[in-house]
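Each structure below is given as structure tokens.
Shared between the two complexes below is chain A, which has chain B as its partner in the first and chain C in the second.
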Partner chain A sequence: MATPHPPRGFDPAAARPFLEQFDRLKAELPGATLSWVRDLRDQGRARFAELGLPTVKNESWRYTNLRALDKLAFQPAVKAETGASFDVLPTVRAEGTTGPRLVFVDGRFRAELSSTAGLPEGVELLNLADALAHQPDLIGEHLSRLAAPDDLPLVALNTAFLADGPVLRIPKGVEVAEPIELVFVSVGSDEHPTAFHPRSLIVAEANARAVIVEHHIGLGTGPTLANHVGEVFVGEGASVHHYKVQREGLNAFHLSHTAAKVAAKGVYDNFILTVGGKLSRNEVRSELAGEQADTHVSGAYMVRRDQHVDTTTFIDHAVPSCTSREVYKGVIDDTARAVFQGKILVRPGAQKTDGYQQNRALLLSDTAEIDAKPELEIYADDVKCSHGATAGELDDEALFYLRARGIDKETARGLLIGAFLAEALEEIPEDSVREAFQGIIAGWQNAR
Partner chain B sequence: MIEIKNLHATVDGKEILKGINLSINPGEVHAIMGPNGSGKSTLSYVLAGRDGYEVTKGSVNYFGKDLLAMEPEERAAAGVFLAFQYPVEIPGVANTTFLKSALNSMRKQRGEPELDAMQFLKLIREKTKALNMTDEMLKRAVNVGFSGGEKKRNETLQMAVLQPKFAILDETDSGLDIDALKIVAEGVNALRGPERSMLVITHYQRLLDYIVPDHVHVLAHGKIQRSGGKELALELEKNGYAEFGVNEAA
Partner chain C sequence: MPATTETVDQVRAVTEQKYKYGFTTDIEADVAPKGLNEDIVRFISAKKEEPEWLLEWRLKAFRAWQEMEEPTWWPKLSYPPIDYQDAHYYAAPKMKARPKSLDEVDPELLKTYEKLGIPLREQEILAGVEGSEGKSPSIAVDAVFDSVSVATTFKAKLEEMGIIFCAISEAVHKCPELVQKYLGSVVPYTDNFYATLNSAVFTDGSFVYIPKGVRCPMELSTYFRINQANTGQFERTLIIADEGSYVSYLEGCTAPKRDENQLHAAVVELVAHDDAAIKYSTVQNWYPGNEEGVGGIYNFVTKRGACRGRNSKISWTQVETGSAITWKYPSCILQGDNSVGEFYSVAITNNHQQADTGTKMIHIGKNTRSTIVSKGISAGKAQQTYRGLVKILSKAEGARNHTQCDSLLIGDQCGAHTVPYIESRNRTARIEHEATTAKISEDQLFYCRQRGLSEEDAVSLIVNGFCKEVLKELPMEFAVEAQKLVGISLEGSVG
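And now, the complex of A and B:
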């Protein structure tokens, strides 16, 4: 439904350059001959034209200002970047082993770096452009069903430009033992700021199981805007463990919207580790749609200099007897800023809901900042819901104790920071992923 | 080896130490006894280098070096060890990780090769056995959920692993029952040697029954009021600190 006036808190003028680019490009986008794909893109375009970018007057964007995007004349990444070399791509796998992996450079699939070998029979792992061209039926039923443009301008923008990204479909009862790795490389261009809009679709049918690890890295020097949208369907009794580490460069804008829907007895487990990006926002929505569904939405972040990291979560307890758990821990140094907005909604009738949310920040400098907005909205009376938010500094006593045992100040700080974040990492049941993430945390500390 | 001269120190602008003079030779065990608020803990923190304790006058010569100019970790690497009255709990850091980091950090500062996991494990097994500590206590986070006695045993274990030249024991007896006190004292006594000096800080004489000092000093009002042999401790036990202008409820 088109609204004549944009709601408060949006800047439609900011949409113009993106719209012009879209209009020039749309005939060449994959799947452009399919009417339902054209319609979907046009809906996205129309909604983005009405809304434009959110402003800080928008309640959901109060603490994250996207005005910096206005000042950069982003060009769409149309051609697959081929110049960069990729000797070593990030992985959680043991050295010398290979497994299923899809690689995207500036949002476009790179087949020669990817592999689907070793997947159980029936599992579909491919890129969206390929699916649009050759197997549109595989995605038509699910695409844009969870992340609809409505009041989400960046989802609208992504939907207009949707062209490529990972598609994973696991049939009923199939368990994928190997972690499926998705590598997103931002390269961009030295000549102009570059924008891309990767779109992910994950469908786990009843009693299927998969571990997905996303790596987001940056290799270029020019500004980039990665505007990700992902949709995750977790079938009855299925479990999807979805881990992500974002370590793009300090010239990268990383915006990500993930929407999951969990059927009865299903499990959706999401963990995001953020160390990179100039400005990043991870919005995760998990809808518990069937009884005894369970979702864990957690993360850790470490930011310094003038980095900005925003974590916005929405847990929707739509039916009774579901559990949700959120544990976020972050370390903020220099003039960096972190935002945590976590909403738990317990709808009428969603009795026996068990919801837990914790968000703790460690401030390493006087100029570091955290804005936290936990929100519980409960319309049922037999529920267990709790949340806690704290912000503090390193414990001076502990620091002195370590130094009095001969541990130098930097190492002592590192030990305490690692210990602080360890609690969040404990939320990751996969050893290989947790250990890889611990290594990234150690690397961040050494890069001081 | 350790020469404290006219040491004055303030905490939050208030003068706590008002001219301490003390010399400790290698192999000697000195006890400092004093009532609450006399400056005992301040002295131990000043020697270990804690922030917030400002030395306004005086000096501490440690093996020819200016101890007060050194960072806490440098003092530790040079052999200074403070056994804390209240050992700090550090959630998320395993006791073994902590001990290994401490030992290797010191070895590195001293230009010695670091111990690998196997060498460290062997060393730690040997030391924990002597202190009647379990493997489980090593796996737990540093001091988290430890009883008072376990915390003090953990301090003694650290001392045994780090092998300091100068150990300051700050009220090691506080919070210990007699059995725990004996275990800790045995651990400390095992470390006595001709190259190792100790400064045992205590309120009560009881500890000195188990760790017998060579010299006893009475600290009150920020100054050493009297020095003597081990018999001085017994005298204090009998007469209290009233002689030094301090009235304490028994």
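And now, the complex of A and C:
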């Protein structure tokens, strides 16, 4: 073509307020004295300035509209606003027990609520601001290697503002038995909408093992925007079990991008349970980069009122003999809307790939909506790939079966919804996590 | 199993000739000057002696087209830009006075029909020999050569029943009120870049009207052929099935082998009223280009059917083996309550072919049902994509959809992609989508080889089995040809 078209489906004008804030703030951000950190932030800024926010004309964002962000005039969360105190923080642990935990409030680390006690020797668990100030070498090699700003404006935005978040490094052969909990609390402000951009980095060296549980909760009443970016390196033979539950308030915008790279015989297991948020999007990318690597990317969601939940996954089979499995189940009530976009890519030469994806949605009201786009892109012939997608209401016959046994309609519906979601939870091998998530689902149903 | 011997036979036949429709016919043609502007649009309209309203409609489309942006952002198709000024938009074979017998017919034209495998009796009719009409009817054929419909057979027989089957340019004069009422009512002239271009410059195509309560007694068939070099073919087909009627329509396409790419941008509109049913079958075998990907047809087609009435039904069946690039999504708008949409597709791509095809099922009415069965086979260096949309609007209570997309890969240089979009706004709607991708299993091949089949015969047999669900939907006459095509298209893809 004579004239190259500008990138399709972006709104550069939407970048302006964020850029102005960044330019005001950048000198005070942690690690601002390090040239490579400055360069990284500037690259993020430059790319975000070029692209701006994605619009619905962007293929990857066709079902999720971020126009609401534009109207809200978010202010960056200023650091270490103490004040908010917590009686109880969410946990998957048995009552009365403690374990490793990092707590972030509006994106900033809260040392007094965190603990690294009980971790095996050599395991590094700290916050990014601290790492930038005291051990930049610990992160320099990995930061921004997986989630590059290129065509991902929100990653670019996060990279510009990157300041704090969890950093975890597990050395070769070390297995962390205790789940490591990461708690993100959105508080915001009553005066203005608040934005923050937490950045996580997880590195599991060869044959290391860890279970990570992320809790995202909201306490304030003002609108918040949490724009998370996480990078997960899974070494040879290592396994990372990464679970997340998002229960923010109905004023919260929750955007999250997780990029994992799995080396030979490594396992990356991701599960996301979404209950909260006005608008949430979880984008999970898992690259199978070494032979016999395995990834599970699954989740469940329950949404109601005018909630909007978007799950976008990308499984990249880059080399032969890898396996991937995805199971997503969701329940949509009232005028809520759910989006599922799942892509499996099998690159040329990635023979003996086994890829499976399932995505099922249950619509509970006449005004609920599901939009699904399961996608296969395959460039190798000796592969086994399949996907299935269904959408519908509760099975009339199953309902009749229960009613015929004297169970009232509401209880019967509750049982069937619970059973529908429980199937997704089967994907979680960790008992403590599965049971905790089960409890959250039950709580949602009771509140219904 | 007869299909087996059939397949074996034709694979043998194929070793001698690869693209057997790749001949050109040297006939004097009446050609419009190259290029595209308002004058060309007026020229086409004048040639066809069209009424003022149609010229106005064409000009509106042309002006809209000039404002439109050519789609260049398709994720999985790539081709050099098309120069829309470097083509003829009108080419008609010069017709002399009506010949008295076959001897008087231009021998070149007759040879063409012979090579196309059209029986002699039908050749007579196609060539317009006097007194040839009315012989034992099996299929009524409308042959479109480059831009012009050259002959329509069995017209009289159909007219008795009130069925109108003729070239659309003829229909414009014969039943202008029908054409004016329905033309552009399913695919508006602003629909998309290629449909809009078609609306401005369409030259011919078929028109079918089946009156109330009539079941069309024979298959109606159109045969499209691009013959002239540097021509684009822009045909426009319009089929209307009035209340309680039924019609089965077949469409076949071929083109000569040429090194340059030719553009084919057709528009097909179907309208089914209450209790009416339309079955539309296509065997698309445009020249796909050679092994190196040189030449071949760009097939950018808009096909859409509207189930306007209650209990109406539209069924698309397609076998796509040709074209360098195919871009085609035969769709159904299920507006009437209880209406039914079906899409059965086999797409085969080999060498450097690219195909992006699928369907759209838009459920608007209550209890509307749709079925999608898509079988894609990709070999050589070909790239194939199934792209489909199932959309359930909020009023479509009790809507149902079942989609099955299977892809088969032959060789490690090709690609097979599945991009379904599923949008539901109704709780009571039930949607199921399944897709699989696999290769021909070693076990299946071994089993066939062990019984003495060559590797190619075995592949052809297995692939025919893979496609059977779709091929069985084709009318008899096409099913045989389609089975042969499956084998021909995969020629040279194994070993």
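Definition applied: the second predicted complex is superposed on the first by the 439 of 448 C-alpha atoms of A that agree within 3 Å, B and C clash if a C-alpha of one lies under 4 Å from a C-alpha of the other, contacts with A are read in each partner's own complex, and residues count from 1 in each chain.
In the analysis below, a contact is a pair of C-beta atoms (placed from the backbone, for glycine too) under 8 Å apart; a residue touches a chain by one contact, two chains touch by 3 or more.
For clarity, every value in this text was computed on a predicted model and none was experimentally measured.
K.L.:
A:351 contacts which: chain B (first), chain C (second), both, neither?
P.N.:
second
K.L.:
Could you say whether A:387 touches chain B, chain C, both of them, or neither, answering first, second, both or neither?
P.N.:
A:387 contacts chain C only, not chain B.
K.L.:
Give one of first, second, both or neither to describe whether A:19 is in contact with chain B, with chain C, with both, or with none.
P.N.:
Neither: A:19 stays clear of chain B and chain C.
K.L.:
Quick check on the superposed pair: does A:264 touch chain B, chain C, both, or neither? Answer first, second, both or neither.
P.N.:
Neither partner.
K.L.:
Output check: A:34 vs chain B and chain C. Expected answer is one of first, second, both, neither. What do you get?
P.N.:
Touch partners of A:34: none, neither chain B nor chain C.
K.L.:
Now for A:420: first (chain B), second (chain C), both, or neither, which partner does it touch?
P.N.:
first
K.L.:
Please tell me which partner, chain B or chain C, touches more residues of chain A.
P.N.:
In the superposed model, C touches more residues of chain A.
K.L.:
Touching A:403, do we find chain B (first), chain C (second), both, or neither?
P.N.:
It touches chain B, and chain C stays clear.
K.L.:
Just chain B (first), just chain C (second), both, or neither: which does A:377 touch?
P.N.:
So A:377 only meets chain C here.
K.L.:
Can you check the complex and tell me which residues of chain C touch chain A?
P.N.:
72-73, 75-76, 81, 394, 407, 409-439
K.L.:
Please give the residue numbers of chain A that touch chain C in the complex, ascending.
P.N.:
Residues in contact with chain C: 1, 5, 8, 59, 348-349, 351, 361, 363-393.
K.L.:
Contact residues on chain B for chain A in the complex?
P.N.:
Of all residues in chain B, those touching chain A are 48-51, 71-73, 75-77, 81-82, 84, 87-93, 97-98, 101-103, 105-106, 109, 141, 158, 162.
K.L.:
Under the stated contact criterion, what part of chain A meets chain B in this complex?
P.N.:
Those in contact with chain B are residues 395-398, 400-409, 411-412, 415-416, 418-420, 422-423.
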